[in-house]
Amino acid sequence: MTAALAVPVVLAPFLAAAVGLPLGRRLPPGIVAIAGTAVSAVLAIAVAVSSRPAETLARLTPTGGIAVTVGVRVGGLSATVAVMVTLVALAVQVYSVGYLRGDPRYPSYAALVSLFTAAMLTVVLSADLLLTYAGWEVMGVCSYFLIGHHWERPAASSAAVKSFLMTRFGDVGFLFGVFVLGTAAGSFRITDVLAAVPTMSHTTVLAAALLMVVGVVGKSAQFPLHSWLPDAMAGPAPVSALIHAATMVAAGVYLVALLFPVFLAAPLALDVLAVLAVVSMLGAALAAFASADLKRVLAYSTISQLSLMFAALAVGGRTAAIAHLVSHAAFKALLFLCAGAVITAVGGGLLTDLGGLRRAMPVTFATMTVGFAALAGFPPTSGFFSKDLVVAAAGHAASGEAALVTVAVAWLVAVAVLLTAGVTAAYATRAWLLTFFGTERPAREAGPVLTGPLLALAAPALLLGLAALRWPELRPEWGSALASVAVVVLGAGVVLARWRAAPGRDPADLLGRARPLLASAWHTDDLYERTVARAVTGLAERVVAVDDRVVGRAVTGSGRNAGRLGGLIRLSQNGNPQLYLTGLLAGVLLIAVGVVVLA
Amino acid sequence: MHVVYPVVLAALLFSVGVYGVLARRNAILVLMSVELMLNAVNLNLVTFDAWLKDTLASGQALTLFVIAIAAAEVGLGLAIVLLVFRNRSSIAVDQLRDLADRDAPSAVPGETVAEREAAR
Amino acid sequence: MTGAELVFVPLGAVALGSSVLVVTTDQLVRAALWLVVALGALAGCFLLLAAELVAWVQVLIYVGAVVVLLLFGIMLTRAPIGRSVDLDSGNRVAALVVALGTAGTLVTVVVGGFRTASIDLGDGSAGSAGTVGAGLFRYWVLPFELLSVLLLAALVGAIVLSRRDIGPRARDGGED
Amino acid sequence: MTVLLLVLPLLGCLAVLGLPPKRAAAFGVAVTSATLATALLMAATFDYHRSGFAQFSVNAPWIPLIDLRIHLGVDGISLPLVVLTALLCALCAGYLARPSGQPERPRALVALLLLTEVGMLGTFVALNLLLFFVFFEVVLVPMYAVIAGWGGQRRAAAARQFILYTLLGSGVLLVGLLLLYSRTSTMDMVVLVGRAGTGLSHGVQVLGFLLIAGGLAVKVPVWPLHSWLPDAHTQAPTVGSVLLAGVLLKMGTYGMVRIAVPMLPEGAVALAPALGALGVAGIVYAALACLAQRDLKRLIAFSSVGHMGFVLLGIATLTPVGINAALLGNIAHGLITGLLFFLVGGIAQRYGSTDIDRIGGGLLAKAPRLGSLLVFAAVASLGLPGLAGFWGEMLAMLSAFRPAGGLNPALYLVFLAVAGLGTVLTAAYFLVMLRRVAQGVVPPRWTAERFGDVTAREWVAWTPLLVLVLAIGLWPRIVLGVTDGAVRVLLRGG
Amino acid sequence: MQTIQSVDYLAVAPPLMLALTAVGVLVADAFLPARRSPWIGGAALTGVLLALAADLVLAVGVLPQDRPRGTFCVGASCSYSVDRFTLLFQAVLLVAGTVVLLLANGEVRRAGLPAGEFHFLLLTALAGALTIAAGRDLVILVVGLEVVSLPVFALVALRRYDGRSAEAGLTMFLVSVTSTAVMLFGVSLVYGATGSMLLDTISAALRRPGTPHTVAATGVVLVLVGFGFKVSAVPFHFWAPDTYQGAPIAVAAFLSVVSKAAGFAGLVLVLTVGFGSYAGVWGPLVAVLAAASMTVGNLVALRQRAAIRLLAWSSIAQAGYMLAPLGAAAGLVGEPRVLGVLAAATVGYVAIYAVMNLGVFAVLSFVGWIDGLGGGRLDDYRGMARSHPALALALAFCLACLAGLPPGLAGLFAKIVVFRGVLTGGYGWLAVLMAVNTVLGLAYYLAWASRLFAPGPSESTAAFGPVPRHVAIAVGLAVAGTALMSVLPQLVLGVAPTLGG
């Protein structure tokens, strides 16, 4: 029964999109989209509550080899994530009605967001790896369209193209991973694949895991395929909130969690994942601290938090990673929506333009403070509890218990996690201070349509950790809790001291000359621009030139040469019979000699 | 009498005819050389007819026919040569260039006999 | 060297020599005369080979008709009687090469083929008018008839080409 | 039924010359719709359980000396292509009959269109090698006339290069077919597939495959032999481009699937890696060429080379999955590129040129529905799951992952990797094209222009394609269900 | 000793009837006043049609039992025998003759050619051609070849007021006479080596080990030269372009179709019936000639701008295609049945070529002489589809057939048969070269055909005036023949001379 319920969870937003896209203009704004998402949310919760794993199966098409099937697979992990996705999507849909009031392209926007939700739910609830890949790709296209929402701005359209191409590169890796697993297991169904993992040879599993890592790194914007996420902020804020904070980028983490047995069978892949996570964790955190735009700070913060989840997975803390994923979704979506409200109120995203909005926007101030607290990991926010689980997991791995990842890597992860916690607290406090303190500025509080969802999201950001205490494995451990709180207080303290010493000055000046380097994440973006982009366009120009000159010319040239050769032979035709006779008799002589010699 | 003598003679005559055809400028001399070649053929035919003692006398019959053909050819050939002479006032074989293969229409659009008559 | 061969060789030499002179002399009329000598010598050869009818026909038609026609041709084309310099065209060298090549090939082929063959003329009646005539009208009637058509056609062709009175009706008849 | 399928357009082609010019286009629509109806009727009454065996078959002698028999029949492989051809021809006729764009000399154009349709349908239903060759060549002259008569500025050179290059291909194809005939002394395809190359020495099979596949490669086009395609597509009128891209390219790949692969298995195994390599090179080469293309129509023409690269990769794996992928890729490419050329035709009619810089962008603002259709077609073409393009490419790559026995798997993994890179590049050039044409701000020179969005007549011509692209994307069983049975029969030797 | 041979007059009827008509026409021309000259054309035409009727009557007699009807026989081998091969060739020659006569009708009047003599010479040449088709011994073939050639020398030079015509006549005369001399020398060598003039006796003699093989081989090759000239294969092709340009258009048509067909008839007879067992000797030679003719013919034709010269080079190239199957005989020495198949391929192509080519020449004769060029230049045809739609379509159809491209199905089937012939002989390289040549061929046929439909100043083609009746019938006949060959090519395909014992 639960599986039958899960199907409409995916279909509801899909239908909303299918209805909204063509007819959107005539209906009142967003009704169809919000209704679809709401229905999906209710059903998701119902499925989560019953929480009995179930699966449906239907054959989509014969392919001459392994058949492609379609179906839903409900489990504890997928149900929870599905609920999280639908709730955040609902909040974003409601928020968007207010945020994009008066935008002529709102109907198509709402339909695309519902399509995106349907795609994300397909990834979460799919029973067949190919269906997951399909959802995976459709998410990428929806993100392309939504980032390019304001396509008249060149920045938005080029950011959209960059995001799609980078994620597409990752998706190719993911597809090949699916091929490896599918062919080895003889079927693309997830249950069959997971069942067949012990029988697979070590190289196959390793290859599959590494390919999955490529796919996941692309989608979740980890180093080295990370530079598209900061640019993706060109899209409207709710889009950033839904896609680039809570769902799409988190799909990578969900996938690794789903196919965890594969990764367990290939520890080397986990080492790679851990190293990548560490690098992107610290790099992004420092970049967040250094960057000057509020949304870019949040974008880098997302990359950093995702790396935390990957690190947790790498060290075997699957529940810790999922817990942090859920809580991160709540407070990061909240932060983005608040940022959206602040930006519309002030009219600009740069931190220097903001400041002193404490009194002007009380509700936003309150909810954003909760968000920042959860991000930094102050108790009792949900951020504190989930981050603590990650720190604990890193601690156990470092002390050699789980013995999954090599001990050196485990130590590296543990140190990095603590360091990142500190830097996170620092940039959270900096952003908080720069936004709400300093010189007063005239601004109006956003309307109830915007503040409603903010409050709705502030609740879980604050209470989720406490509510989760019911489950024993989610309780924090004292050792790691104390360590993380100490580091957080240290980070926040440094920034507060700096702020009190020079109120109004951006604490990031602490970094001094290193700031531009860190702000642009070690100039990786320009590096890609100069190397990959320029190389491809250069190659393209040369291909077109070669195509015209060599291939085309070779053909037309052969035509002209035939004409010229004809002209040459024509010279023998000069009207003189004597020449003709010589030709004839010489020919006869040649033939006669030939025959005499040969015969 | 060995067959070799007449047959070698025929071969040599034929080659002399070939030389004549290719070397001579005057059309009538070319005709004479062709006659030589045909006579070489006749010699060959008669020799083989005698050697084979052919009951059908096909060699000699063909010789007679070749002689007749040669006569007819010379008659017609001279008619054509005279026609060329009337048009070009010279029967040098290697000066005939009017039918050469070229793009532009031939410079001299074939002045007609009438024009030459009028000119004279 | 049988008796016939003793006569044949000089006759052949005469024929060959005169034919070479035909193609090399620089006097037009003299070429025609040398042709007569060559054809006469050949008629002699035919006689030697016991082909009387063919020999007399050769003399009658070739020497009588063909050479006379050629002389008419020479006269009608107003060729100079004396020595005229440009009788040989440019590609004499090519002509020589091809001629020698042909000679070499043909001689080797023929000699290789018929080195041992020899003719015994028997009673020499093979070439008489009776046998050739009988053979002609028993086996080669169709070519004979065909030849009549050929001669008629050649005759008509020669006449129509040389008639001047049937000119083009209008001057631009040919050009419209 | 198959005879009716061919006779209808043939009679139409002759009859239209007698009509008054202004009613020619309408008559064209009538005839092509009747043919489409016949094709759909065939599809309806087709016995899908025996899709491997020729149905509605007719077998009459025509020239016994060279064993040329009028042997027609439809099976799982040719049925989808027949329906696709009939559909595209009907849409082209409808496009010609649109009130705004009456072409000059309409009777001649409709007659040539119908004659091309006869050639195309004949190629797909012929079950006799020589009959296949005759229909293969029937298409040449009318398509040449369409390009030379109604094309763009440099149409004469493009048309001449098209017909000469393709004729060279079909010359080589004929040599291959006759080599096969001289060794098997039968031209009947069903028999030859049944024999699957038994009795043919290895050398003959390899040489035969080289000649037949080489001849067909010009038509597909396989990478180095493609230089006729961009010019022909760019200079052809919209109707010509749609048919050229939509169906003519498929005659090459269909020929390979129907003749070269099943009848000369040893030849196929020997040359499949080369075919795969050229196909994959074609994907990357075409993608790069499209990235730097300045003309929209030329860009779409080059994209055809890329998509055909995936189809070739599918064929080169010689597995049921690969061949299914190739056939599905054919249908998908036919629909999507047909739609793309219709859209570009519409853009060219409105902007007067297909030069990207001249258009300057802002199509979504200027004509929102036309713009969004262009976006839809571009996204379908770059292989978005849920749309037709995805399945062809994905299955081709899946088949490359596990090629047939006797083929070097490592080599095919390299092909797979390059093809994957190709998909990224394909996505790149389509999105760059969209950024330059659809998105961005309307340049000042066009702001004053008043041209309407998609007209009703255009919707009629394009909706079937839209619906089919979506339908096949969501439910690929429509095509794969039909071809799968036939492919198994084909590869197992009938 | 019965001296007079029993002559089977029915077998000899077609050429005999033509000869009688020719003489009749000549005599009538002498007595009829000038204004009655169209009657002469009519009389000639009736003569040809009567011969065709005789041919059909013969066909009814011979075809069913497929037993050749020989006459002038010596023991078993007859020197004039009528079998399916002969009947097919005679039918093709007579149909071609009718069309040429129809073409000539207009030109004789306009160019002021002497009607009586013109038709006499044409009919005699045609009679000669028919005899070659039935001849089974070297004497008849040689004399027949002469009967075809001599009248044509006169016909070529018939435009006496045009210097170029005389020049063309002289060129053709000299080259033809020389090649006949070479051929006769070959005949003498073959006679010397085999001891007989009859083809099947020669064939038996060639198989005996005793014959002096080098002499026989040289003889065979030299005989081939004579036919090579008639068929205008490379390197004996130099005369063709100049002669076609100088000659009246009807005579050029005659040369390109009738005399070439006669040449091929003789060649096929000599090579298959006579020198069948020497395929190893003449096979490679014919293959090289074929390859050279196709390639040179097509390459030079690419550069031609005058219509008649383009047709000359095109006919040289087509001769190459016709020679190709015979060339492939080398691969299968000693199998008479397969040699028959190859010969049938050539025969089929010749028949279809004859009909296709006449269609083009018919349109050329309608266009007439434009600034000293029979049939004008290619550019003079620009926009003809608008002024003379039916004529332009007929010309385009015939050009498509020559190129071997549907809708010209006849040409396509001819090419397929020739390709098959070459491949059964195992000459793969020749087949591929032919494929390349078809492309070269299409290049210039296309250049011409596209000019017909090109939007040009249509007043230049309108100046040709309305299509006269006789040209319409000629074009109609040619196109109808081609269409028939397109649908039922088996009428002409698969016919080979009956190979003797």
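Order as written gives the chain letters A, B, C, D and E; numbering starts at 1 within each chain.
The rule is short, and it goes like this: a residue touches a chain if its C-beta (ideal position, glycine included) is under 8 Å from a C-beta of that chain, and two chains touch if they have at least 3 such contacts.
Since the structure is predicted, the reported quantities are computational estimates derived from the model, not experimental observations.
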Both chain B and chain C are touched by which chains?
A, E
Using CA atoms only, can you tell me which chain is the most central one in this structure?
D
Busiest interface, counting C-beta pairs, is B-C
Chain separated most widely from chain B, comparing mean CA positions
A
Where chain B and chain E are represented by their mean Cα positions, the distance between them in whole Å:
24
Please work out the Cα centroid separation of chain A and chain E, and write it as a whole number of Å.
78
Measure off the straight-line distance from the CA centroid of chain A to the CA centroid of chain D, and report it in whole Å.
37
Return the distance between the CA-based centres of chain D and chain E, expressed in whole Å.
43
At least two other chains touched by the same residue of chain A: list those residues.
559, 570, 573, 575, 577-579, 581-582, 585-586, 588, 592, 596
Which residues does chain D have that touch at least 2 chains other than itself?
164
When you check chain C against every other chain, which residues touch at least two of them?
89, 91, 94-95, 98, 102, 105-106, 109-110, 114, 139-140, 143, 147, 150, 153-154, 157-159, 161, 167-168, 174
Those chain pairs meeting the touch criterion are A-B, A-C, A-D, A-E, B-C, B-E, C-E, D-E
Which part of chain C faces chain B closely enough to touch in the complex?
2, 4-5, 8-9, 12, 15-16, 19-20, 22-23, 28, 31-32, 35, 38-39, 42, 45-46, 48-51, 53-54, 57-58, 61-62, 65-66, 69-70, 72-74, 76-77, 79, 86-92, 94-96, 98-100, 102-103, 106-107, 110-111, 114-115, 117-119, 121-122, 126-127, 131-132, 135-136, 139-140, 143-144, 147, 150-151, 153-155, 157-159, 161-162, 167-168, 171, 174
Residues of chain C touching chain A in their complex?
89, 91, 94-95, 98, 101-102, 105-106, 108-109
Quick check: in the complex, which residue numbers of chain A touch chain D?
60-66, 68, 130, 133-134, 137-138, 141, 144, 148, 151-152, 154, 157-158, 160-161, 164-165, 168-169, 172, 175-176, 179-180, 182-183, 536-537, 539-541, 543-544, 547, 551-552, 554-556, 559
Name, in rising order, each residue of chain A that touches chain B in their complex.
570, 573-579, 581-582, 585
Once bound in the complex, which stretches of chain B touch chain E?
7, 10, 14, 17, 21, 27, 30-31, 34, 37-38, 40-41, 44-45, 47-48, 51-52, 54, 56, 58-59, 61-62, 65-66, 69, 72-73, 76-77, 79-81, 83-84, 86-88, 93, 96, 98-99, 101, 103, 105-106, 108-114
